[in-house]
């Protein structure tokens, strides 16, 4: 489907927010695939960061040529987009004390999640390299603690360090961020025996579950199994995932 | 070299004029190569249509993906350009009555030529499918007669038909346009025994004479030879060219 | 306008198929297109036992192409028959089961298991570059191609298509080996073997080092192989490799393909296969061609 | 930082060459770059007699690639020596004469004629897809590769490089044949055979039907061939095929190439070869590599 871009602007160094007309009904943790044009071939996956009546937003970082091209798109341009795709975060009525842990460009989908969970008691731990983004928006939904690697804002260090201080009395953890962070979140969740879902990344082909390229190693009773990040995920129970 | 685009606008249906900052000194009949971006690989050749102090203009028709991409370029964008390339039209003091014959998107380089020849007695025969372009500019330099295939402007028919009426007393002919037109111009020049130069097209690789892909079949004493459109041409004596 | 074409005894309603491994078992794409509109579906490569496939990463974008190293992850032929085939059989399109054995015996067992209603043809995959056993090692040996084809034909009551690899010196020999073995048709090309290196870690991107290149980048190579193979055999050829537009598909048909399969392009556009079919129809109308069979092998050399 | 590398007895000041047929005889590019900066120049393929080449069109753009069918247009070896070599010899770079015979005897004559000062190495082209006589028909036969190499080595006092075609089932056999014939090095890949059709006329785009595919599209294929060939021989390998950035060049060196050659990318950017050299230097600085030889074949598998 072709959708009209409503806004595409840099919100901090190299990080952009793109608002797009959209007619699907996404849940937090789901993603869209965008044809970024130029000489890219495959569509690129981006998590949905916000959703309103007829619009979604994504927040992305310039990584390679696809995201670079995307950063040049202007309001009123159109983009070829599919989605929403994938299995997002499961939300449970029974859990009220929730910890959200995000790192870097893994943070955007957690904003949409926080918005949907806003009736709950949310603790939100966010980690950045240096420049922070989306923090004010998170503050609308819960208590935010911040870690930056260079100490630019909040605590100097990793999000996992601040997470440790917040985990007491928590019923459920949601995490998204770089691999090492997710592994640490998983380990801590297991240590404290808190249920935990994490959103993982893998390079994609079809984005809809047909091509088997987006393999995520998961535990089974008899050994392991490759599940599909685009269809079974991107959100998995942290216990399932084998890093 | 990267040059700044000063203007890029549609002058008639599907035909654009692009003005570009430029620091080379071109002669009429020479061309530039433009990297048209997107998922094109090779640069595209375009004849120089006009040249002023620090600027050149080209006029191009949307043909495929390269020219389509080019049509989306805006003032202040930059383009990767090489040139001027090739051997342009030879201009001779001794010839005063000159006939210029252009067809379709072969017309642009003849405007630059006409400008340079303006002290001469110029008869300019231009042929179009339907919509005409650049005609007012040509009128500054000589007598213009027009043919259109659908009779939209001027005489209904081919430029070659109007050329016949203009050839008397002509010392030198210059032609640029589609292959069949060039062949007819060549034949008529030979019939009336008037020296004639034509600008031909061939698909290009390097554009500078190194790769041998832009072959133009030319007569030699012993038979024939492939010359290079990008280096020996694009302008050849019509007698040389074997169609 | 007639779009029907024949592959052996099998009549396809039109010449546009989807290539094995790029379309799963059809379910996912059924949300984007009406599967009834396809000439046929070549399902993901099936093995005798479930196969986990290769560790990630399994895909890497290259200029106008992708390298993949899936390693035939699939639930196995039995699960396919039980869980996937019934869904496919709800549609009025042909089901072509792509089979990948590690030994000749496995190919025979796979063919036997698939002698069932709801399967219209077999595609023998002797050209997968991403597995250690079988795969392309068969496909680069004409004797293996011949032997596997012959054995499968002996036990199968389906139309048998042999899928060839382009990673050979002379495709004609392999096309002929398949025909001599009794194949009803050949299909080509499977992916071209390629490689990528991460210059920061100085490691191959893929665990298996090599991977299979597909997509627009390989189209000129695929077209050449289809054209050459067609000139070596009298059985139909199914052409594939980089097809991303009706124009591409038409090139393959003109070069000699009776049908074409859309692969990587499904990823770029989930409606791509149907858009290509529509484009073929438009071309036929524009050129007053009323039977698609007139296009096949209509090249003027 | 040391950039010097050795190909047989020949020392090159750096590992970046330009590929035969994409750089003419250097003159044209001398307006864009200082030829002194190149490790070496592989000149356009030379034949014993002048050759007119194929009728146009000779080039066709494909997704991230080009098909070419030049057919070895060149003025012949004698004219090269008289008219082109003196210019090249004004520069402080290595001159590698690419030779293409229609028979073994022609290769021998070419080698003899080039036993002159100012020529540093020969590159035996047994892999041109665009000529009827010789060309790739030699390159797909290991015995011919061996025989031509051996004969040329017998008469030549130059470093002898054998240029291989990727259009074979097993590149290792051909690499080995060249080494066994006495080659000082091998270079690869030449173009991949491909084809294009004009769907409006239903004719092949090229008079010769087939043409040679080069450019970024073939890079994954080239890299695989270089890696595999390197594992079959102990002589140096010169890698080429789609190199369009320093990153690409580094992949080839890490995969086993002692030097790399830039081909089609010269068309895209006439300063491309030098930009790539600069990029390699930057990578070395960033990674504290002080000798480019440490990069060669440094892949971790």
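Letters are used for the chains, namely A, B, C and D, taken in the order the chains are written, and counting of residues starts over at 1 for each.
Heads up, the rule we're going with is that a residue touches a chain if its C-beta (ideal position, glycine included) is under 8 Å from a C-beta of that chain, and two chains touch if they have at least 3 such contacts.
Source: prediction; values computed, not measured.
**Q** What chain is the most remote from chain B, judged by the mean position of CA atoms in each chain?
**A** Checked the centroid distances; the maximum from chain B is A.
**Q** Chain pair with the most contact pairs?
**A** Most contacting pair of chains: C-D.
**Q** Chain C to chain D: how many Å between their CA centres?
**A** Going by mean C-alpha positions, chain C sits 34 Å from chain D.
**Q** So the centre of each chain is just the mean of its C-alpha atoms; given that, what is the distance between chain A and chain B in Å?
**A** So the centre of chain A lies 55 Å away from the centre of chain B.
**Q** Just curious, how far off is chain D from chain B if you go by their C-alpha centres, in Å?
**A** Centres of chain B and chain D (C-alpha means) sit 36 Å apart.
**Q** Mind checking the centre-to-centre distance between chain A and chain D? Centres are C-alpha means, answer in whole Å.
**A** Here chain A and chain D have centroids separated by 47 Å.
**Q** Touching at least two other chains at once: which residues of chain B meet that condition?
**A** In chain B, 39 touch at least two other chains.
**Q** What are the residues of chain C that contact at least two other chains?
**A** Residue numbers touching two or more other chains: 63-65, 215-216.
**Q** Mind giving me all the chain pairs that touch?
**A** The complete list of chain pairs in contact reads A-B, A-C, B-D, C-D.
**Q** What residues on chain D touch chain B, complex-wise?
**A** Of all residues in chain D, those touching chain B are 21-24, 27-29, 31-32, 44, 52-61, 63-66, 68, 70, 73-74, 215-216, 264, 266-270.
**Q** Touching residues of chain A toward chain C in the complex: what are they?
**A** Touch residues, chain A against chain C: 35, 39-43, 80, 82, 202-217, 224-226, 231.
**Q** Going by the contact rule at the top, pick out the chain C residues touching chain D in the complex.
**A** 62-65, 67, 140, 167-170, 192-197, 199, 201-204, 209-211, 213, 215-221, 223-224, 227, 242, 244, 247, 250-251, 254-255, 283, 298-301
**Q** Under the stated contact criterion, what part of chain A meets chain B in this complex?
**A** Chain A residues touching chain B: 37-39.
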